[in-house]
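By written order: A, B, C and D. Residues from 1 in each chain.
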Amino acid sequence: MKPERMAAFSDGVLAIIITIMVLEMKAPHKADLAALIPLLPVFFSYVLSFIYVAIYWNNHHHLLHTLKHVTGGVLWANVHLLFWLSLVPFTSAWMGENQFATLPTALYGVVLFACAIAYSILQSTIIRTEGQNSHLARAVGKDRKGKLSIVCYLAAIPLAFVSPWIASGIYVIVALIWLIPDQRIEKVLHAPE
Amino acid sequence: MKPERMAAFSDGVLAIIITIMVLEMKAPHKADLAALIPLLPVFFSYVLSFIYVAIYWNNHHHLLHTLKHVTGGVLWANVHLLFWLSLVPFTSAWMGENQFATLPTALYGVVLFACAIAYSILQSTIIRTEGQNSHLARAVGKDRKGKLSIVCYLAAIPLAFVSPWIASGIYVIVALIWLIPDQRIEKVLHAPE
Amino acid sequence: MKPERMAAFSDGVLAIIITIMVLEMKAPHKADLAALIPLLPVFFSYVLSFIYVAIYWNNHHHLLHTLKHVTGGVLWANVHLLFWLSLVPFTSAWMGENQFATLPTALYGVVLFACAIAYSILQSTIIRTEGQNSHLARAVGKDRKGKLSIVCYLAAIPLAFVSPWIASGIYVIVALIWLIPDQRIEKVLHAPE
Amino acid sequence: MKPERMAAFSDGVLAIIITIMVLEMKAPHKADLAALIPLLPVFFSYVLSFIYVAIYWNNHHHLLHTLKHVTGGVLWANVHLLFWLSLVPFTSAWMGENQFATLPTALYGVVLFACAIAYSILQSTIIRTEGQNSHLARAVGKDRKGKLSIVCYLAAIPLAFVSPWIASGIYVIVALIWLIPDQRIEKVLHAPE
């Protein structure tokens, strides 16, 4: 299998995930402002999840950009990542519909944590395939951002039981950290060898 | 990232947005003509939104046609546009199900306005990247159609509170203006340098 | 715009249309055979619509296969076809859920008729663009299959008010006629000039 | 039609099938742990079906990898496979929502069986087109895995009436057998002629 095929399939799945989330925002039956109010947390949850899936799409591309061979390991590590990302719409809807209640907010963190671990597995599987001297290996380096995110999710999950707002705040901060596209790979790619 | 990837992902999202809107037209439980009547405003709203998303798809392609490099700014300006477009099915459903009531019709205009602003941001981000002498910069020129649309939406939002029919009429007129594919880019592309 | 882009977008929309139709087959809340019985007409309607969309996908590819330039007219004729095809899931669900009642079965024919007209418009728009001596023009020839289908739909719509079974039977027969892939284009393409 | 087009359309359909299944996991209205419990079988059913569709996507690619010509037979054998795969979300939802009750678990096996038969038909149609000495023909060989799976599904369907857990166990085992990507084709491809 060529990397292009795997990227195209992943793009398709990510495009669907990011778009079906809006189906959770059901049009209210009444046409007044009061009918929109309960949708506000659902909307905020949607915005957050939209940004997260967009970040994963962006980083996923950087990851596959340098890929030359799709091994069985890479393929299934990728399917594994898509699986966890596919759970984002569900946890996002549960969190939004319950006004960022404790348990849904914690579960949202669990799924973000699983996505981050799955991404990290995919990354190291690719590095193992491509070699320690590959562009990707040098670009990722110590992967501080990735590790920091995982630590943040791990902290946010129990903190959701203290206050869901702290946990939600952490999710927002991690998203902001990643919003800046990953320029590490670009740098190494364009650096003289 | 190559422009082709960004275009393909955007195509995927736009194809899903344009298609899931039809899910808002739920099949009535009864099989007589009376059961279809309440669906008429939903259908009209669907037609209008279908045309709008198709116009965005068409113009989006013209925009990316001349793109050579995807910078972080272009990428996120594009995601930002997709976000607002993803809200069209929600506002379209709300407007249709409430027979073009005041608030839903105004909100529909707000989302169209946000889409137009997001498109304009993407356009100027690309022009900044490609340079003032690029094909796109010359093709867009003073962007009269784009600015006119934004003024129309801005007018339609308060006018929805006077009469939703005036606002809806404006949405239809703006769609008709855009239905004619944007030949400015084509002209410059095929013009002798 | 390149024909490849238009084909890819159309593929995306057709893939979504053909797949979301299955969402109309809602899993029953009970787990016995009696719970499945009311789904039988929904299932039959799904099979019929799945075959129709697959036929359109197949023929659409043959149509675009020989396309060299996408004009504004071709682009909007294509969007117009996608619009009518996007209504197939709705009419299919309405017909299935109401056990092929008169009005839903007639409306199904109306949408099939509109799809056929839209396809025919797209076909003649492409021929006008490509020229009367193009591969496509010669391949289509007198377009007997296309014209026959339109006549069949036109007959089926009023016949649905006599008996929905006659109309349904006509839909099945037209599908069977098209199931055989359109070999006219292939023939001309491979024929010596 | 080029094999790439058929592969792209199939990818689109498979990406949608694998992603819309998550829509069956509806966010509960309550925010406590008790609200999540009834979702556990739905989740397990989702995981199983996700893996099955991913396996089909993977194997489907291997199948088309060596394809040179798309005949009408290959095209419709492929649509036939997509049809049965499109029923997986429905049977998966029915099985999950009814806590792996007898009939839904048996029907899940019926659809898996039909998918396997459809895959086998597509495989032999391609081999007939490409010739007995093609890479694919040699790679598939006696197709022990494929035949074993069909026998397993055939056994699981009646066994679901003895105990749905036996049937479910068989589905899990077959999935595990296939999780290892099909290296037969790869082997032959890279072998010296």
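What we mean here is this: contacts are C-beta pairs under 8 Å (C-beta built on N, C-alpha and C of every residue); 3 or more make two chains touch, one makes a residue touch a chain.
Since the model is a prediction, treat every value here as computed from it, not as a measurement.
S.K.: Same or different: do the copies subunit C and subunit D touch each other through matching residue numbers, with over half of them shared?
M.R.: Mostly different residues form this interface, as fewer than half of the numbers used are common to both chains.
S.K.: Could you put a whole-Å number on the gap between the CA centroids of subunit A and subunit B?
M.R.: Comparing mean C-alpha positions, subunit B is 27 Å from subunit A.
S.K.: At what distance in angstrom does the C-alpha mean of subunit C lie from that of subunit A?
M.R.: Averaging C-alpha atoms per chain gives centres 38 Å apart.
S.K.: Using the touch definition from the top, which residues of subunit A touch two or more other chains?
M.R.: Where subunit A meets two or more other chains at a single residue, that happens at 8, 12, 16, 20, 23.
S.K.: Connecting every touching chain pair, does the picture come out as line, ring, star, complete or other?
M.R.: Basically the chains close up into a ring.
S.K.: Show which residues of subunit D lie in contact with subunit C when the two form their complex.
M.R.: Within the complex, subunit D contacts subunit C at residues 1, 5, 8-9, 12-13, 16-17, 20, 23-24, 72, 75-76, 79, 82-83, 86-87, 89-90, 93-94, 97-98, 101-104.
S.K.: Quick one: which bits of subunit C touch subunit D in the complex? Just the residue numbers, please.
M.R.: 7-8, 11-12, 14-16, 18-20, 22-23, 25, 27-33, 36, 47, 50, 54, 57-58, 61-62, 65, 179-181, 183
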